[in-house]
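Below are two complexes that have chain A in common, paired first with chain B and then with chain C.
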Partner chain A sequence: MLARQRRRLVLPFLAPAATIYGIFLLWPTLQAFVTAFTDWKGVTLDKSFNGLGNFEHLARDPLFFKTLGTTVALVLVGGVILFPLALTLAFATSERIRGRHLFRFVVLAPLAVSVVAAAVLWKFVYDPNLGLLNGVLRAVGLRDLSMPWLGQPETALIAIAIVIVWQNVGIFVVFLSAAIANVPSDLKEAAQIDGGSALQVFRHVTFPLIWEVTRILMILWIVSGLQEFVFVWAMTKGGPLNSTETVGIFVYMTAFQGKAWAYATAAGVVMFLLMVAISLFFYRVTRRDVVQY
Partner chain B sequence: MKNHMLAVHRPARRRASLAPGGRRSIAGLAALLLLGTVAGVSATAPRSGDVLTHTDPVSQQQMAPGQIEIVSLYPDDAPDSRNLALTNAEFSAKFPGSTAILNFPGGQLADSITNRWLAGDPPEVNYGFFHGTPQAWDYAAAGQLYDLTAAMSEPLDGYGDATWMDSILPGIRGFTTYPADGKAYAVPRELQTYQFFYNKKLFSANGISVPTTWDEFLAACATLKAAGIEPLAVSGPTQPYTDIYYSYLLARMADPVAVQAALDGKARFKDVPGALDAATELERLLKEGYFQSGFEGTDFTAAQMSFLQGKQAMMLMGSWLFGEMKDSIPVGFDSGIFSFPVVDGGHGDPNAVIGGVVMQQVAAQSKRPELGAEWLRLQAAKASQDRRTVDLGYLSAYDGAAVPAGFDSTVADLQAGGRLILEDWGGYAAVSITQAQRDAYGLPISALFLGQSSAAEMVDAIDTGLARFWDLP
Partner chain C sequence: MPRSSALSRVGVYVVLLLYCGSSVSAFLWMVSLSLKSDQEFISTDPLALPTAPSLASYGSAWVTAGVGEFFLNTVLVTVFAVGISVAVSALAAYVLARVEFPLRGLFLFGFTAGLMVPGFLILVPLYFLMRDLHLLGTLPGLVMVYVAITIPFDVFVLVPFFRLLPEELEEAAFAEGAGPIRIFTAVMLPLAVPGLTSVVLLNILTTWNEFFFAFVLLSDKSVFTIPMGLQGLAVNAAYSAKWVELFAGVILSMIPVLVMFAVAQDRITRGMTTGGLKG
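And now, the complex of A and B:
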């Protein structure tokens, strides 16, 4: 009876959050799954059941598979740049070095810039004639390295990945710094007494102890990277030659420009399922025995 | 002695609240919430049958006053918005108690506006929901557009006895009407044409006359390049601005009817005589290096600014250039205009104009569509059209409106019934076009611009892409 009274007390406090969750997450998700099986064009609210037609079309759409590959490439390239950088910065800012507070501010400052503002800023930086990057390269005698960074398929995706990393590295550094700070200092001291260098201590003591946090951050990166849209849209709109077109851009253009809303939704559903599958797979293969201290 | 049973108050534990009975309660609550959400959303969602139709003109006295919403293509501080505000003032004066407010959603057919149409709450006056191309008829077919036929059969201020429809340039009238029912659902706001803008100072300093033929144009480019001046400004990443070079060459060198048939899937593109010749001429421009350096990664605003700052001598751009950049044009910048040159020996139309028409529509489901139609009538009036052309340099789609300097021959062609070919041959201007269809034409042209294909490969790629899209044998 007491337990039932406690439940009566707890449930009303859960109701607002559950309502918001239901309205803004569950309901649209259910709608999306239903819409993916229709032929909806987005002009009126009329929808006819289409069976697996949209998914069959997706399976034959070379552009969808190209965008899928581009999206995975963006996640991989961005991840390869982001995580070593974030770990290095987190390690550096965890040490008592002069100016570390200023250093932390510099690392965290991009987080305060809105995504669109950051994209427009970097679009200017990358401009082949007016941009800062080519200007600096020419000024230091590296004119041959100046190029239209966003205008060639070979460099556009990496250029965008760098911008995404620049904007997000701060938050990753925050989480990793907190994890590093929680590593008991006596363990590190013991390793140092045993003759370990700073790098060895980090590699054999600190990093294993922060692996769980790192793993979660990697999964978050994968999930957000697979949904990338804003930076690509603001900087290249998927060009040049569709070389930066992510699945997010594909879905947007299919829905809002092509008016094939059901088809776009089907692509979104496929992406959702892929994200779940990739995340679970990654979670499984990166699992290690938890080191407790 | 009695044993007193002490009530032991154990602290509440999470596991206790999530005991089987608790879990069922939470699941039940969540299910109820979900069902309630579904029921609520379903009850309030607009049904496709709830479309209001207004076919009879309503007199000024009969119209109930109120506020109407006008979608604007420009933000509040843009020159065009200031002009729209004047039209709004005229509207309030003509319809006491009524006001028109501007809504800038970020562009034509913006997502926020599209969603409002779906929700049954559209603004009165909109852009992009109807056009002359078949890809832009969806909303008319769905009965979501206000019928303007009766309104357009009445005279229009400033054009004498001509009706509103007859005041529109002959080559533009077709874009107002839905062929399936013959009714008018859109009115032109402005005409946009592509032509070369050139820097008069750079031309005169190098002894260059305005080219009228393709050979003269190539000679002018060669002279400028030899003098160390970049001949042509262009934005590489913005697909239509690269496509337009090939589109014009096609219009000059190939039969436009044959080209349109191929783009519409009725014939093979590679079989169109002149298609390869046009690609070869475009390839020549690229191989000679006549386009600005770094064009591949230059945004269109940066390209326009670069031209206005005198870094390039010419720019193939839309007639909106000076109106849009009015506040950014340097003092003393002197520019002229010339039509895309004629190609000697070409089999195309030497007078064809490539451009577009910005069309406005009234939403049938809006609160006051009759007032929306009257607002459009005020905007179409000669006084309003002249304001845009004289003050802002835009082109009017109305016969008799003032013509901005330099566009006389363009307008004369259209007054005489000349062909207006939609930019990108109807692709870019369409309301709904799949990416595959757009890419079939535009992507191979971009590949040529980026040096990733030859002229012949470009034509083959367009042919292959269109054949795949239209499922041709």
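And now, the complex of A and C:
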């Protein structure tokens, strides 16, 4: 009875969400896969299919491969900084210490800041003459280490990766802390009684038990990192000398500056498929026997 | 055990103080810059404290630089986008979670698949769709895009939430003669308030700070949201040397969401974890 009554709600309750989602997200997504196979110029309605033309062109485009490499490098460099830092902070704020709520707020706070505000803040931290970083280096006698962090290809990508990590580390700390909290404390205590130091307990007891969460977070990082656009745009616009140009920037520039709409979309499709493939691959290779507790 | 745990406790403090200390000092540094004058910012040492601290830059950021207007636009966009998104997602999540119907699995998959769609994939088609619908460069258009991109996450979080509510409550209300709509509004929605609150807070976070779609879809300064406005100020500052105004604008833009975070930190973090990995 109730079930039949409830079934009458299905259409009216689904329709609003399905309509908005369908028009503004699903439709453009499907369109992207069609447009990628055309030579659409954006001005007229006529799209003629040119098969794999865009993709063949893409395979011979050195800039696309350069940006692809930069994007992957950004994900790797960022990941190498992010995960040790997030694990350390999650571990540290899980200890029952004074002020841990405040520490956790400070770790999380950058999430509340818009990417643009974070980028402006850090652009000035990195500023060669007026910046905080070089100011501190000069003040402590390390003048030789002061440099235009965002202005030279050697350091720009790492400098940006640090900002992305700074802003997002809170999400990772939240998930890792929740996972650490789920590890039964008698397991940890048993290991401590057996003489394990805090670090050993973490490495041999806690870490294997939170590995499942960690690898899902790594995929989250890969998926979001491969989409990177905003931080780079707000700090370097892809420069100097294209050294920080990600695929996201490449797609935008190709579309809106080069007006090669279909070509840009094809690049987006390729990057999307790569993203899915890389995530699935990573998901497979990091699978371990699930530890039960 | 006591010695090694005391040692690790010291280590924990050192790590936290180092990390949090540098994070906070970067923020305080920007506050101190915002209290300087442009002249002072350019000519003094970056570490020097302002000689005559002044809030003048905040006034000029708010009025002349248009940060006040950006705030108003952002509040409007956030209120409508979050309101509509959570309302339509709650309706959809309820039937997806609690009613058996054909193609239910397909709908659930369809909605949550949106979580995987990157901005760069839909960039071009969305731009032309908005142009054809005459929504390009308008705040209502931006609202619709924000609703669409937050629906996948909202449904993803709310479906498991609705699923956990006890069936007996619905049956009891039904036995007392309540219709299905009344059961939804009077019984189910109030029970879903914690889940809805989390979703609202996380959507505010997303919408208030969103830059990518605003950047692609808006072009006129009068409809700029805060991130767009700040980006504009940052570009202008490079030419007009009005740095301090920019710093004041950055600080102002951070305040509302930082306050929300400070007040509702637990709710927000719980919302993230229930939706993501434990759901």
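In this text, the second predicted complex is superposed on the first by the 268 of 293 C-alpha atoms of A that agree within 3 Å, B and C clash if a C-alpha of one lies under 4 Å from a C-alpha of the other, contacts with A are read in each partner's own complex, and residues count from 1 in each chain.
The rule is short, and it goes like this: a residue touches a chain if its C-beta (ideal position, glycine included) is under 8 Å from a C-beta of that chain, and two chains touch if they have at least 3 such contacts.
Keep in mind that this is a model prediction, so the values were computed, not measured.
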Practice problem: Could you look at A:Met271 and tell me whether it touches chain B, chain C, both or neither (first, second, both, neither)? | Solution: second
Exercise. Could you tell me if A:Gly78 is touching chain B, chain C, both of them or neither one (first, second, both, neither)?
Key: neither
Practice problem: Quick one: name whichever of chain B and chain C touches more residues of chain A. | Solution: C
Practice problem: Quick one: classify A:Ala178 as touching chain B (first), chain C (second), both or neither. | Solution: second
Quiz item: With the two structures laid over each other on chain A, which partner does A:Val247 touch: chain B (first), chain C (second), both, or neither?
Solution: second
Exercise. For A:Gly42, decide between first (touching chain B), second (touching chain C), both and neither.
Key: both
Practice problem: Name the contact category of A:Leu199: first (chain B only), second (chain C only), both, or neither. | Solution: second
Quiz item: A:Gly225 contacts which: chain B (first), chain C (second), both, neither?
Solution: neither
Exercise. Go through the superposed model and pick first if A:Leu89 touches only chain B, second if only chain C, both, or neither.
Key: second
Self-check item: Touching both chain B and chain C, residues of chain A
Solution: 3, 6-7, 10, 14, 18, 23, 26-27, 42, 123, 127, 130, 134, 256
Self-check item: Interfacial residue positions of chain A with respect to chain C in the complex
Solution: 1-3, 5-10, 12-14, 16-18, 20-21, 23-29, 31-32, 35, 42, 85, 88-89, 91-93, 95, 97, 103-117, 120-125, 127, 130-132, 134-136, 139, 166, 171, 174-175, 178-179, 192-193, 195, 197-199, 213, 216, 223, 226-227, 229-230, 233-234, 247-248, 251-252, 255-256, 261-262, 264-265, 268-269, 271-272, 275-276
Practice problem: Write out the stretch or stretches of chain A touching chain B in their complex. | Solution: 3-4, 6-7, 10-11, 14-15, 18-19, 22-23, 26-27, 30, 41-46, 63, 123, 126-130, 134, 147-153, 236-237, 239-242, 250, 253-254, 256-260
Quiz item: Of all residues in chain B, which touch chain A in the complex?
Solution: 12, 16-17, 19, 21-22, 25-26, 29-30, 33-34, 37-38, 41, 45-48, 111, 114, 118, 138-139, 141-142, 144, 236-237, 239, 292-299, 302, 306, 311, 431-436, 439, 443, 446-447, 450, 452
Quiz item: Which positions of chain C touch chain A when the two form their complex?
Solution: 1, 4-5, 8-9, 12-13, 15-16, 19-20, 23-27, 29-30, 33, 41-42, 45-47, 84, 87-89, 91-92, 94-96, 98-101, 107, 110-111, 114, 116-129, 144-145, 147-149, 151-152, 155, 170-171, 174, 179-181, 183-184, 205, 208-209, 211-212, 215-216, 226-228, 230-231, 234, 246-247, 250, 253-254, 257-258, 260-262, 265, 269, 272-273, 276-278
